[in-house]
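Chain lettering (A, B, C, D, E, F, G, H, I, J, K and L) follows the sequence in which the chains are written, and residue indices restart at 1 in each chain.
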Amino acid sequence: MTTVLVVHGPNLGTLGRREPELYGTTTLAAINAALVELASSWGWQISVFQSNSEGAIIDAIEQRAGDIDGLLLNPGALAHYGLGLRDALAGLTVPVVEVHLTNIHAREDWRRRSVTAEVSRGLISGFGWRSYVLGLRAMHGMLSDTES
Amino acid sequence: MTTVLVVHGPNLGTLGRREPELYGTTTLAAINAALVELASSWGWQISVFQSNSEGAIIDAIEQRAGDIDGLLLNPGALAHYGLGLRDALAGLTVPVVEVHLTNIHAREDWRRRSVTAEVSRGLISGFGWRSYVLGLRAMHGMLSDTES
Amino acid sequence: MTTVLVVHGPNLGTLGRREPELYGTTTLAAINAALVELASSWGWQISVFQSNSEGAIIDAIEQRAGDIDGLLLNPGALAHYGLGLRDALAGLTVPVVEVHLTNIHAREDWRRRSVTAEVSRGLISGFGWRSYVLGLRAMHGMLSDTES
Amino acid sequence: MTTVLVVHGPNLGTLGRREPELYGTTTLAAINAALVELASSWGWQISVFQSNSEGAIIDAIEQRAGDIDGLLLNPGALAHYGLGLRDALAGLTVPVVEVHLTNIHAREDWRRRSVTAEVSRGLISGFGWRSYVLGLRAMHGMLSDTES
Amino acid sequence: MTTVLVVHGPNLGTLGRREPELYGTTTLAAINAALVELASSWGWQISVFQSNSEGAIIDAIEQRAGDIDGLLLNPGALAHYGLGLRDALAGLTVPVVEVHLTNIHAREDWRRRSVTAEVSRGLISGFGWRSYVLGLRAMHGMLSDTES
Amino acid sequence: MTTVLVVHGPNLGTLGRREPELYGTTTLAAINAALVELASSWGWQISVFQSNSEGAIIDAIEQRAGDIDGLLLNPGALAHYGLGLRDALAGLTVPVVEVHLTNIHAREDWRRRSVTAEVSRGLISGFGWRSYVLGLRAMHGMLSDTES
Amino acid sequence: MTTVLVVHGPNLGTLGRREPELYGTTTLAAINAALVELASSWGWQISVFQSNSEGAIIDAIEQRAGDIDGLLLNPGALAHYGLGLRDALAGLTVPVVEVHLTNIHAREDWRRRSVTAEVSRGLISGFGWRSYVLGLRAMHGMLSDTES
Amino acid sequence: MTTVLVVHGPNLGTLGRREPELYGTTTLAAINAALVELASSWGWQISVFQSNSEGAIIDAIEQRAGDIDGLLLNPGALAHYGLGLRDALAGLTVPVVEVHLTNIHAREDWRRRSVTAEVSRGLISGFGWRSYVLGLRAMHGMLSDTES
Amino acid sequence: MTTVLVVHGPNLGTLGRREPELYGTTTLAAINAALVELASSWGWQISVFQSNSEGAIIDAIEQRAGDIDGLLLNPGALAHYGLGLRDALAGLTVPVVEVHLTNIHAREDWRRRSVTAEVSRGLISGFGWRSYVLGLRAMHGMLSDTES
Amino acid sequence: MTTVLVVHGPNLGTLGRREPELYGTTTLAAINAALVELASSWGWQISVFQSNSEGAIIDAIEQRAGDIDGLLLNPGALAHYGLGLRDALAGLTVPVVEVHLTNIHAREDWRRRSVTAEVSRGLISGFGWRSYVLGLRAMHGMLSDTES
Amino acid sequence: MTTVLVVHGPNLGTLGRREPELYGTTTLAAINAALVELASSWGWQISVFQSNSEGAIIDAIEQRAGDIDGLLLNPGALAHYGLGLRDALAGLTVPVVEVHLTNIHAREDWRRRSVTAEVSRGLISGFGWRSYVLGLRAMHGMLSDTES
Amino acid sequence: MTTVLVVHGPNLGTLGRREPELYGTTTLAAINAALVELASSWGWQISVFQSNSEGAIIDAIEQRAGDIDGLLLNPGALAHYGLGLRDALAGLTVPVVEVHLTNIHAREDWRRRSVTAEVSRGLISGFGWRSYVLGLRAMHGMLSDTES
């Protein structure tokens, strides 16, 4: 059974409450539910992990690396300085899709560079909670060789 | 009827032949066909424009700005220096979705900065021809307030 | 008869409609009319050209270079990257006056540098449609050796 | 009665003698006279201040801020490092027009950035003593809502 | 009852022993005691948290965000690269006061930029353990609208 | 009798009127009064100096250097370019405390670097008029070896 | 029959008249004639294209890519910012030789970087109209495996 | 008994499996065993710690700082941004030897700067698992004042 | 009679007392006396001016420009940011010799660039009070065409 | 008799053996022979010098400067840092043609800048051993005013 | 018989006398003796070369390249600008080990970048004369596939 | 007997002939003679060395370091990149005076930084051959504790 690990980085646990004018009012639970539902429609399963700690995220990726077919990752701010996470991604053999709620090219200068996107297959940024759905579709397209 | 203008920038007319190891073997015609088909399934229509000239692209956007509900744009290399195009996008009141075939964060340093993405709603980059399909889905999600 | 070529660069054709809070509500036609009227009061004539394409602007300057006494130029965003246009201006023997509707020193960092102003006689920036009128007066002062 | 404060920054007291091939042979007195004459033709009055000291210029602006309708400023080299003057301008509620005799975009690199222009309404640069006249006309256009 | 969360970042647990010529000989316990005493004098209470892990600090802030009236933060070196912590602070609705034992402007170049201070109310830096006391007074001044 | 010289740099004389949304409505006189009162409570005296001129500030520091026990300085914009003032501070043997009304890390990029803070004992920034009070308390703590 | 496409970029149509002290007095027609004559001596043919528009140059290269054995290109100022042209060259399978009339390393700083030379076989710069002749000889050497 | 703490940073737990063409096929267990054996030959003992979390590494160093004679550290990617770890090392009074499996000067630009090496005694980089052995020998040389 | 204007910039009035380990114990009066004595030996006279204010220094140079044969200038920190002073020097027709007590290339990075030396005849830096004597000798050599 | 000095810089003595995939298999002797033969066909003579030492190259140029009509130079890596060689070239009155075997714009970033090309007549780069032949032809064209 | 060329760059001939607080009191002769002894214990031989001239070092490497199994190099300051030496190393087929007496990451900023380390197998830096011994052990480990 | 070593760097052997409009028409022999004469007047002797090779200059300094009382150095272009020479100077215990014929702050940007001046006692730059005489006088002042 195709399994996608969904990893949510720092500060994503409070989604829906934190700066809603920027990040929206949808909660992480709602996003996870939407992803599970979409995945189920293809016969896929989703494994979810959220942490505010880079080290814990690397641990999680390390532990599950052998059991997953793809990684859907919202690194949060780690995208811009998490070189340890970057090295962890570089060591994966399954595809990584990076997503961001906001458009990282339309905010502070330092958000434009994503060190994790450098070693990902692709990036989806700026569509709010839909970035995740589109990211899962991107994964589906690549792994199943369908449109999306 | 909801209309999306699809604009393909410089060098995209030769897609499928140009550096296929980088950009894939799918032709622009095939991509356009896939977009039309997907749009039709929602009762939407697609208007397509390709040009190697920044000026002609600005002309096209100017002329159709009043008749479209969204712009799906692959600016090609113009993403990195086309400040005139950037200003044209900034003047639009409909949403802009920027797509790239390759992952602009995983190539030359200068490709990391997209001046057009600065004024777009979001960016999808790195999924080959699927970037377009995902971009159209992103537009659908936003305009119809559905998942994608 | 003294002739001034007035060139409007990319995105200026939609003036009055595009981001009016930034660029004002005066149309290009109205600006041109004001310039013609002021020029007529001195017995001068105005030749107007607008294009969204750098190449077409260089063509126009090349073709008319022998018939004009001065160039009044709003390069739009080309001011910041149009090195081809810059070289065309450097090749002119008549004076060039560069104008901008907005104050290029009070916006994004990249708008502060004008590569075309480097080879112009002077720059007038930030007075909306009046920047053109002041630019024509600057030309009048220089060519007729009057105050302005 | 509409009053414009005209401020001339460092080294402008010796105008006409200092590097005439660069700054021209017109004296400051002659410029002031021309401004007074033009202002009078509109029923306006001009108040003039020159100093080589940034502190004294800030003093002068502070003291007269309540009595003027606009500030016509040639900051000289202070344009490029006078952050104290910049903050003084930012605190004004009347419009500021910055003028330069020479074209600051066509000289040394450090002259391209004007920290005072960042907080001015607009900039006129490169027309010798005529820059002042054009600056006053710009002020007239803005305050009287006429052409210039 | 007004509650201030006091967060001590990486390496602050060993205060008093680590490089005393730089950071002083006062221990963290002593600082906390001083803060508790001062807070008590106003009828306030202090909640203390120390961790060497950015993730754990974000966790702590997330968990207590609803129960506190202000955050007194010594981010340690995280001030200079902890973008995840920065985003956590940006999401807070209570005021943040950043303190440093040493003067961050008088040490290595990279210590001059504090990404967390960007989203704090203010910064107090260079007064050793007194920086904390002054920070608590700053909080008192703001929350109680008293002098400090 | 312990004496603290309080120096207010450029544009601080108009405090309360200049950009009150940024700098607050408290006047300099009110701040001075508050400082005098606090100092008196410790049996200290305050000597106040304000100038818009860097040279005059250096003069004042030079003249009083032998009679003071500490310098409380709000350099205003001079913090960012006043290298002459910086050298004057470096030559002092009494402690210098630098204060700013606004948070210099949360505004323009160039405000982040304070060349005067490099040679000060510490920095307090962002608490409006309370920055001064906290600065005086910091001085008190250091000179009297009390808490603050 | 071996065919070389010779492309002249922006501002090269006015060669001989534009800034002759910099670019010489030889016209483009004369250069083309010299190239045709030299090519004929080897039994080769030359196809010539000049445009001031980057888009038109990409169009021309695209259209003739299948019929040529080499591209001799003077990109003019596009060398320094024409990333679209750069991508077009990168997609060619025949060798590209870049030539410049002036020595791009001995002029403005920004002329030192050629983004088109990055994807060319080699560069010849600084020999006036002879740069073209040398460029054609370089092509001859490579394609015929002769000396030059 | 001389004790050396060996710390392995992020991603080193999967050594032997992760990107073996870059990092080799030797496992961390094998490296540890080699170090223990070499240390034993001198009558020394080794204490090993691995974590993917910067905070946990700082914790470990803090806790064992009093019981060790030297620290042999492979910071992994933390070398390039772990300023918290850097400060922890700066606080140690025993020597630190930094080792890297790959040559950090022969990879990406950002790997060239090691903020932890700034406060270490020395650096050994590029010899695969042998970097550790050489690092232990370096420690032996320094602590026992022998050759290595 | 040959007259040299000797200008001492900010903070030089306290020479001998300020940071003597850096600037020496010789007072400004002693330096002036030595210069007067040396000048007298050639039948020259010295005119001395010291100010902490850039504006006052420009005033002094302006007023005396017509009466002097050379300017011996220690700009102090103004060397590094005094662009107004720089423009004043550029306007002089007599030679300028810049001197510094300390070696500006052996201190902070920002002291390496002297904007005033850019428009001076030469620079003498690092010899304490002897820098002035050597500067006067340099002036003597140039003006009298002798050795020094 | 027209004489061209051919100078080969560091590492060119081992041509043909060193990194042949980059620099080709042609030896320096073969290149020299080809140059002699071509020169002879015009009645010219060639003088050859190779050294790995910048100083020796400057010596050679100094000694022969009076006897040569042109310098054909492959500075090797000295092109990128040999400022002493650059000054030697600047002092020559005969034309200098710089050649490189590889395309310096298509390799490492630091190879893009040639400090020696700044003071050369022109640059030929990227054609392997043919760069020398083309360089000699360029010299022939310039000195004999023929095509090449 | 395995032969290692040991090259000591500029200023290493005076080791033991030059800045002993930085570089130690061990002489180069003593280091060479230690290396010979260690090499002998493996049945290896050492060939030593010292020069202050980059050219002579390249000569030596060129001449001995065919007879050696490895190069142990202390490039001294050439590490930071010797691009000619860098190219020479790049052309070697035997492994290069770079050593430095001091820790190049803990000194001036420009010492952090080693252009020679970019093309070496690895770097050992900061252990005084022991860096050489460790470097030879690194070579031994690599060539003999032993531990070190 | 006090001995000063005078070292002339690259390209100084041709002084008087090379670019005389920049470097003057005085020959090196004449300069040396003037220095010898001045030195003799104090009972000092001069030892002269000129080389175009950095290595040879370091050799010369090394060999004579024990026999000299001061080094008068014109490093030529080595001032800007000769880090090996810089390290040699840093190792000297006698004072170094650096001189330049031209004003290094008034030429190309890269000439402004002197890496050798960083470790010299002082710098004299811009007075042609008189820079040497002044440099010797500076040495005399320092060594004999006289005025100059």
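Annotations
Going forward, a contact is a pair of C-beta atoms (placed from the backbone, for glycine too) under 8 Å apart; a residue touches a chain by one contact, two chains touch by 3 or more.
Every value quoted in this text rests on a predicted model; they were computed, and no experiment measured them.
More than half of the contact pairs of A-H, counted by residue number, reappear in one of H-K, E-F or J-K; that pair is J-K. Look at the contact of chain A with chain H and you find different residues on each copy: under half of the numbers used there are shared. Distance between chain G and chain H, defined via averaged C-alpha coordinates, is recorded as 54 Å. Computed from the mean C-alpha positions, the centre of chain E lies at a distance of 63 Å from the centre of chain J. If you average the CA atoms of chain A and of chain G, the two centres end up 46 Å from each other.
Multi-chain contact residues of chain I (touching two or more other chains): 53-56, 81. Counting only pairs that meet the touch rule, the chains in contact are A-B, A-E, A-H, B-C, B-G, C-D, C-G, D-F, D-I, E-F, E-H, F-I, G-J, H-K, I-L, J-K, J-L, K-L.
Residues 34, 38, 103-106, 112-114, 117-127, 130-131, 133-134, 137-138, 141-142, 147-148 of chain L are the ones that touch chain I when the two sit in their complex.
Chain C meets chain B in the complex at residues 9-11, 13-14, 18-19, 51-56, 76-78, 80-81, 110.
Interface residues of chain A facing chain H in the complex, by the touch rule stated above, are 53-56, 58-59, 62, 65, 81, 83-84, 86-88, 90-91.
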